[in-house]
Amino acid sequence: MIQEIVSGLSIGCIYAMTGFGFVLIYNAVGAVNFAYGEIVMFGGYFGYLAIQSFGWSLGLAFLFSILAMAGLGIFNDYFAYFPMRHRPVVTVIIASIGLSILLRNSALAIWGPDPVKIKSFVGDQLVHIGNVVFPLHQLLIFIVTAFIFVGQVFFFSRTSIGRKLEATAQDQEMAKLMGIKVNRMILLTFVLAACLASIAGFLLAPLWFLEPDVGLYIIVKAFIAIVIGGFGSVYGLMAGGLFLGVTEVLVASHLTSEYKDVISFLILVTVLIVLPQGFFGEKVAEKV
Amino acid sequence: MGFTKRQMIVTLICFAAAVVLPIFFRGSRYYMNLFNLAGIFIILTFSLNYIHGYLGLISIGQAGFFAIGAYITAGLTMGLGINYFPALLLASIAAALAGVLLGLPASRIGGHYFVLITLAFGEIVRLIILNWKEVTHGTNGVNNIPPPRLGPLLIESRFAYYYLVLFFIIVTMVVAASVRRSKYGRSMLATKVGELAANVMGINPLSTKLINFGISSFFAGLAGGLYASYIGSISPEAFDVDLSVDILTMTLVGGSGTIPGPVIGATALVFLKEWLRAVKEYYMIIYGAGIVLIMIFMPYGIMGLLRRVRDVISSREVR
Amino acid sequence: MKKIVGNFGLALLSACAILFFSTAAFARIDVGVIGSMTSGLALLGQRQINSAILAAEEWNAKGGINGEKTKLAIEDSGKSTTQAMTALDRVLAENVCAILGPIYSFQLFAMFPEINKEGVPLLSTSGTRKLTQMGNRWYFRLYPHDGITKRAYTLFAVEELGCTRPALMCVTTEYGKSGYKIIMDVLKSKGIKPVAVTWHEKSDKDMTGQLERIRRAHPSCIISQAHPPDTAQIIRQQYELGINIPHIASSAASMPTVHKLVGKYMEGVYVEAAAIPNYDPDPKIQAWTKKYVKKFRTRPDSFALLYYDTANFLFNAIKAVGPDRKKIRDWLEKNSYKGLAGRYKFDKEHNGAFFAIIVQYHMKNGKAIPTVVKKYDFTPE
Amino acid sequence: MNTSGGALIEVEDLGIRFGGLLAVSDVSFHVSEGSIHALIGPNGAGKTTILNMISGIYRPSRGKIIYGGRNIVGLPPYMVTREGIARTFQNIQVFEGLSVLENVMVARHVRTSVNLLSTILKTPKARREEKSIADKAVEALRFVGLADRKDMDAMNLPYGQKRLMEIARALATEPHLLLLDEPSAGMNEAEVLNLVNFINQIREKGITVILIEHNMRLVMKISDRITVLDFGEKIAEGPPEEIQNDPRVIEAYLGTENGYA
């Protein structure tokens, strides 16, 4: 049981890591970014590219990935958001679906269909604690996720740029009146989210491997985590991710492995029906 | 708001062309196949056109209703030996019921949540088909689905099937037109632009949306039933999210909320995807980029573009 | 105006000329190739298409089949039945004499009615048992089907490893489900019941839940039936979680890609395969593998090797009877062919390959090297 | 107290909270049948909030709304409309993409009965109903003088005419009670005069009117009775002459908003 929970928590951390950047973009532009799973995937693939094709070390590859991803973030903004910023949100959502198809198939064309992996920063040792055993990499996942989680909370509440981003996210018109350069803030958000995706990519690649379809897989799971927690809430996302990760493992182990994903989706549907604002989200009243 | 004379003439010409067209392509199984596929996609696109065009919602779960229609049609004709046409009707009604059922929770939520709940629905349907092997035969799928029989007539050739599909396209379009110009269509459109205002004007948002979902999934199911007997073999792989995204793209490319839009969008994309085959592994990349570019440059689809062109021309005429 | 007409006429004339010469002077044989070149399914599809290209080029380099060049009409079957059907249409539009088909059974099933109607031979290297049980006279399978390979590795687990308490881990696709049934049948014939059975989605990234369930059942070995990425996940996690019992995996685990993902945990894993192109000591196979890697910059898998044999078997048929669909079918039914991987001869159901090997992997200098531990041959004769 | 007839609607101790904030507290007033009753007060006094509670958009935290002898608290907006209460909005709500006529036709649906299947099959009954919807809608448009604009896209109407269309739309539901939320906002002098005419004609049709209005000249000219709100509480009520001279009103309201009265 403890073994299952430990594994479940590490899975949950990856869902949450994917969710962080996603929520960042969601808060800033008010639209779901369907391409974010693929962006996480590219974070890993850029690292793979640097290691495999340039023969760089893992650390250097990570730096390369962060830089390349910043570029991808800018591309995401200028290609799939900025031209549509004054249009209905629907337009932006569909553009993000288009971007996700574009990125997924680009990865297929560039790196082929074979799954690949990149090494972990901590190697592939195992940690034994009593009867529980897990790869050291899972410990790294826990630490990095906790760090990013605290960092994100701190960033938005304590730093001036974070507060500006937060203000932009809450009300763009208001932010404009306060003298915040909204477009620049949104660009920064896309870049930040893409850099977070780079970290997420490096965390998931050693355990889950990289393949062109992995982005779609994790974004769907991240969605469920986000809905459980409540859209836009970082706390909710963390809780939702961990809950989903642990639930999945426990269901597969004790209930049914065949219908495991059906149960995850049913949780999503149930939460949407019973508690559309999630466990941490705020209820927003409609204005006339 | 009736049809103008010009609209009537254009419609008649299009229908005449649609009736005559296959005679020139009769020899080409390849083109006949594309026409038939386009036809089935036209009906599917009409189904999403209700949800997106009339309620402003995005569904990426249409493949689920399509699958329900396909599997139930196959099951009724093969398992129970029911004639194709009643089976098709029953399957479409079953899909409509599924739509209403999904609508009960889904109508209370909007925007992103709606996208996600439809995504979840589509995936649940696919996973159940995949795993409920006793009924659906899992990945093996249902094979050798018999072609439709109309009295002594066996609709087997692609040429014959074309007219069957054409018939159902006409039915779909007539229903779409009559819904649009009825109180139901107006209620939907009013709910789309201002749900609360429409509610205050006496429109029950729940029943309006449920009717919309019901009609929408009815036609998705109808398309599924046509697809099943046309391809003759169905398996869960055919009904994944990518299909739902394709339908969404077709709706938008054509111009959602209009009657000619789905026809234009579905036909254009079925053929475009074929032409892009020349670039082999890159065609899905171009397809993805295309969706974004359409959103940037043609947010109201081809119909929107045509309308703009018409407005420019007519304003010149005035001058 | 006159000039334009003149130019146009000239163009028309030359077009006719080209058309005439291309059909008359350079007579050629059209063979269809359908496989997944896009989407996740391209993992297997692309390698097989490579094999077909390689075989055709070799024949053409030697002067073609009876002096006529082979032209492959290659079409992408993507990931859906619809795409497979359109690909079939395009291939048939080229008036091909035979088709080398995709590996995925759901696409093949969809193609069957058209194949029957058109009367064109369709050859593929799929393992799904049911394909040849539908009485399709035009379909030929040149890969040991699951009934052979699953029987081989289940027998191996029970008889050679003495595993009486097996646990099964299967994927929910048709491959996993039909494999599951055969494994269960073989186990039943030996009077054994598996102590645990788990299922997973092909796209699943974590198997802890399934493996913990298996651990609780205290099995003496694990038999898995899954696709490459999930097989890698299962093997790696099994040993990471300290479930140190023998693992007998399906042929997916013979793929080099999987070895890279699993790493050191490949040590001791048993795998069923039809062939091991990359490590077979046979010099002919080694030469072929070298050529393949040089040309396509990717390592072939067993499917690719057998697809190459399949293409050659077909070209031999065309050489013997010419590009006539019915004659090709009849010739294939009657004759046998000795390919790189083994001997092919069709039974009544059109199954052409009945050999299977069990290999065990050992880690040498960080690479997983297979050694053959048992060969099975169920050829009916 | 009454100008004519009994009370059509009685608002009793109505109160609502948003989060921790008390937006309206313990407001009571009665509106007599056939009268024009104005709600006035500075911005944020809670006038629109009260209309929203009456029309079912907000659910009051406490209190009752007795309409036609029955408490309508808890009814969804479309049921309230079915009961005979129609309204217009402070921020104009035009159904974009529909023509002027269709905008008004939407409001007729509440009085229709033909089902979906008959509608799709276009049975004679459905055709008749559709025609009557259109006829009644044209009639409502004629009443506000927009009949000649019926085929225009409603979005392209000038601002003042959009307001008139809203009134036509509200009338098309055949209300007994009409709630008008700042109908004169954005109108010019001539249009306001026109509006006064309408409101009087509406009353002549036997429709009771609750009016929120900032234009005091208009309010004083046509209201039978006025309720004054400030910070969510009722501070005065009475006929126009009385209100005009009420010191509390002058202090709380007129004192702060120069330029009116």
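Order of writing sets the chain letters: A, B, C and D. Residues in each chain are counted from 1.
To be clear about the criterion, contacts are C-beta pairs under 8 Å (C-beta built on N, C-alpha and C of every residue); 3 or more make two chains touch, one makes a residue touch a chain.
This one's a predicted model, so the numbers in the text were calculated from it and none came from an experiment.
Asks: Using the touch definition from the top, what's the fewest steps needed to get from chain C to chain D?
Replies: The distance in steps between these two chains is 2.
Asks: Determine the set of chains touching chain A that also touch chain D.
Replies: Both-contact set = B.
Asks: Counting only C-alpha atoms to place each centre, which chain is farthest from chain C?
Replies: Result for the farthest chain: D.
Asks: Between chain A and chain C, what's the gap in Å when you average each chain's C-alpha atoms?
Replies: Roughly 36 Å, centre to centre.
Asks: CA centre of chain B versus CA centre of chain D: separation in Å?
Replies: 41
Asks: Taking the mean of the CA coordinates per chain, how far is chain A from chain B in Å?
Replies: 32
Asks: Name the residues of chain B that each touch 2 or more other chains.
Replies: Answer for chain B, listing residues that touch two or more other chains: 127, 131, 196, 281, 284.
Asks: Could you say which residues in chain C touch two or more other chains, in rising order?
Replies: Residue numbers touching two or more other chains: 38-39, 42, 172, 199, 201.
Asks: Counting only residues that touch at least two other chains, what does the list for chain D look like?
Replies: If we look for residues of chain D contacting two or more partner chains, we find 57, 89.
Asks: For the complex, give me every residue of chain B touching chain C.
Replies: Going by the criterion above, the answer is residues 28-30, 33-34, 37, 127, 130-131, 133, 138-141, 143-144, 231-235, 237-238, 240, 242-243, 274, 277, 280-281, 283-284.
Asks: Given the complex with chain A, which residues does chain C contribute to the contact?
Replies: On the chain C side, the touching residues are 38-43, 46, 172, 198-201, 203-210, 212-213, 228-229, 232-233, 240-242, 257, 260-261, 263-264, 298.
Asks: Provide the residue numbers of chain B that touch chain A in the complex, in ascending order.
Replies: Against chain A, chain B makes touches at 52, 56, 58, 60, 105, 108-109, 111-113, 115-117, 119-121, 123-124, 127-128, 131, 196, 241, 245, 248-249, 252, 281-282, 284-285, 287-292, 294-296, 299.
Asks: What residues of chain D sit close enough to touch chain B in their complex?
Replies: 55-57, 76-78, 80-82, 86-87, 89, 93-99, 101-103, 105-110, 112, 114, 116, 119-120, 122, 126, 129-130, 133, 151, 169, 173
Asks: Name, in rising order, each residue of chain C that touches chain B in their complex.
Replies: Residues 37-39, 42, 75-76, 79-82, 85-86, 89-90, 92-93, 104-106, 109-110, 112-113, 128, 130, 134, 172-175, 177-178, 199, 201 of chain C touch chain B in their complex.
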